[in-house]
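The following blocks contain the structures, represented as structure tokens.
Common to both upcoming complexes is subunit A, partnered first by subunit B, then by subunit C.
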Partner chain A sequence: MRLLTHNILSSNIKGVTNGFPLGIEVEKVVEKQVEINHDFLRNIFPKIDWKAFSDASKIMGYVELPEEAPEPSVLDSDLDFLRKFHHALLELHLEEGALVCPQTGRKFPVNKGIPNMLLHEDEV
Partner chain B sequence: MKFPSLSSFSSPSPMDHAQCLRLMVFNSLRAGRYIHRFWGTSTLSLDSFCAFGYPVICSRMKEIKVKDASTWCTLVPDGEPHIQSVCEDHKCSSVSVKSTPEIEKKYVHRVYDAIAPHFSSTRFAKWPKVAAFLESLPTGSLVLDAGCGNGKYLGLNSSCYFIGCDISPPLIKICVDKGHEALVADAVNLPYRTNFGDAAISIAVLHHLSTENRRKKAIEELVRVVRKGGLVLITVWAVEQEDKSLLTKWTPLTEKHVEEWRGPRSPCVRCPSSFSLESIPETEENGLSGHMKDSRESLMEDMQQSACLNPQNKDDSLVSKDGRSQQEYFVPWHLPYHRAEVSGASAVALATGLAKKDDKKGAVVYNRYYHVFGEGELERLVSGMDNAVIVDKFYDKSNWCVVLEKTL
Partner chain C sequence: MSVRSSSTILKPKGGAGTVPNWTSYCFSLAAENSFDDISNKVVADFGCGCGTLGAAAALLGAEQVIGIDIDSQSLGIASMNAENLELDIDFVQCDISNLGWRGQIVDTVVMNPPFGTRKKGADIDFLFVALKVASEAVYSLHKTSTRDHVKRAALRDLNASSAEVLCELRFDVPQLYKFHKKKEVDIAVDLWRFVPKRSRGENINVGVRCPLD
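Here is the complex of A and B:
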């Protein structure tokens, strides 16, 4: 699971009003390189909840991202930032661990990079 | 849960609570007036029991609390069981639309789990209409594929980011092994933030949902997860198949079976579905379109007659006596023997009657549940939505398709 995916995931358990962001429990992180696409990064940047993204990247062991979201213009000029943004967003994978509902503490397992977000009967 | 015959209770010796419960329920069924629905962990509160006049040291059933139920079924001491609905209003349902009905668990989920690798190997041709839709999306779009199967469309547009989800873990494993981003989730309850995606696709998915409410819910979810102005492409199998000979290979489902397996359609509780399926093993040879065996048939009829409340107006999709089109089917999947050995799922499926062998074809035959769509049905499902409009609709290769745009 990449951090871009983490940024869209939310706990959908019945009764949960604030299911985002999910907490992360890390057992294994893997890095997989992928080609950088500046246009893509510029388009996706406005969607990202930066705090959730920055916090999650630290939990995954990557501390290079700024706390505060930079101005969008930085994306046009700062290649170093783009590279870090790209790396944290798309190249860090949670292979083993869990995602945690922030309201109930319920854990959604992540195995072999795949989160299982299915709910039990009593959670729907 | 197996029910003893009435004669086994002729002895006046004391019974334990479990036997007591079984007796009461069995008699209720035979009385044709009273239904319980049991989940694995139903709880009882019992007082002194005398409802059926059996000299047992047991308690009178005051209420039976069934898991997840918002309706209480009550026995009263005069011995006549009756139903009290304590629904807050007339629209309550004890089963959430997000809860998976038995027919989907058995004839969609388990089947795809069992056939995943073989199914995936046959799913490679990219449908031009879907490809065109995806290629028309702006660079950097976040595309959500709900019911992505083996991930055929993930990454089709390399300038976009795709997230796939499917109910089947083996199929998702295939997606991830190919390098895609995918997760296990339910199309009726997507684990995505509202308004995040740029586009969503649902390709040959909704026809596996067995109630109109679930199909509507899945469409609402697709619209929910995209931003305002975002597009949603939905394709479903059509009643009107181009190759009519295909229909001869499908097994039409009769109304009796569909009612039992769908669970509640009406706003208020109908109990029998999972109860009957758990208690009665299947014995038919030819899938489930034939008539049930005698004892089971009468039991089922009792249940239908005793259903707590009157069913609502029938879905358009049911077989109706006025001759409207058949829309509920089992569609076979032939898993070749040499592919079936790969996972133990087929052995289990054969043992439990979920699949059968066809030696002539050298394959394990599974049935997949389909509700095929009639012309205009997708539009009708969308027409009630206040946050989406249809921007395109077409029929292509035996599928009905719509493109929706989220408006607010």
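Here is the complex of A and C:
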């Protein structure tokens, strides 16, 4: 599971009003290189919840991202930033671990990179 | 545009699930020739099964594909398929009707939803969620026999600003599941493109059953 996906998923338990972002418990992180696409990064940047993203990347062991989202103009000129953004968003994979509901603490296991968000009967 | 093929072309070659390879091919034709919904976009494949549609989207240049399915066995196969094709696809195991999903990061949803033979209206439930999640377009397959119903539901109840049948396909579904009564059946299926109306809030928590008959 990449951090792009983590930036979209939220807790789906009945009654939870504040299910985003999910906490992350890391057991195994894998890095897989993919080709960088600057246009894609520029398009996706405004849609990313930066705080959730930068916090998550730290948990995954990558500390190069700035705490605060930079000005969008940075995306036009700063190749170094684009590289870091790309790396954290698309190249870090949570292979084993768990996602955690921020409100209830309920853990959603992640195995072989796939989070299991299936709910128990009493959570629906 | 109506495409009818003879049954000799329709036989699915290997793979699993009930989406023949040429359906993905038709998807790719529809998406790339007419609309700019796939390349460089974030695409979600709802009810991805073994990942055929998501893989087609990735091969067509989708920047990121996320496949969602309820069944761990299918997801295992989908994962292997993606790896064999050297595609970057994220998979999530989830019940579509209980999807916890933030905002409109996903540009396009592609899907071959369950047709509603076992659970009536299952394909409309999927469409309900897809139209909430996608910011640009939804590509979906529904039985031709339900065409009017799908159009009405999409435009009147599910917040679609447009609903268009791109082509009509026929394929043979072999007896794959226990609930399939016949040895083989030939069905007509529409490939639809829906456009959601611009919206709404940040968080989408789809825990409510789709309110349609």
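Basically, the second predicted complex is superposed on the first by the 124 of 124 C-alpha atoms of A that agree within 3 Å, B and C clash if a C-alpha of one lies under 4 Å from a C-alpha of the other, contacts with A are read in each partner's own complex, and residues count from 1 in each chain.
To be clear about the criterion, contacts are C-beta pairs under 8 Å (C-beta built on N, C-alpha and C of every residue); 3 or more make two chains touch, one makes a residue touch a chain.
This is a predicted model, so every value here is computed, not measured.
Annotation: superposed three-chain arrangement on subunit A; subunit B versus subunit C shows a clash. In the superposed model, A:Asp122 makes contact with subunit B only, not with subunit C.
When the two complexes are overlaid on their common chain A, residue A:Lys112 makes contact with subunit B and with subunit C alike. Once the two complexes are laid over each other on the shared chain, residue contacts for A:Leu9 go to subunit B and to subunit C alike. Once the two complexes are laid over each other on the shared chain, residue contacts for A:Val30 go to neither subunit B nor subunit C. Subunit C runs into subunit B after superposition on chain A, and of the options 7-15, 133-141 or 259-267 the stretch responsible is 133-141.
For the contact definition in use here, the residues of subunit A common to its subunit B contact set and its subunit C contact set are 1-2, 4-5, 8-12, 14, 20, 37, 39-40, 43-44, 47, 112-119, 124. Interface residues of subunit A, counted against subunit C in their complex, comprise 1-2, 4-5, 7-14, 16, 19-20, 32, 34, 37, 39-40, 43-44, 47-49, 90, 112-119, 124.
Contact residues on subunit C toward subunit A in their complex (touch as defined above): 40, 42, 63-64, 66, 70, 72, 75-76, 79, 88, 90-95, 98-106, 203, 205-207.
Those residues of subunit A whose C-beta lies close enough to touch subunit B in the complex are 1-2, 4-5, 8-12, 14, 20, 37, 39-44, 47, 112-119, 121-122, 124. Taken together, the subunit B residues at the contact with subunit A in this complex read 39, 67-68, 96, 98-99, 138-142, 159-161, 163, 165, 167, 169, 172-173, 176, 181-186, 189-193, 196-197.
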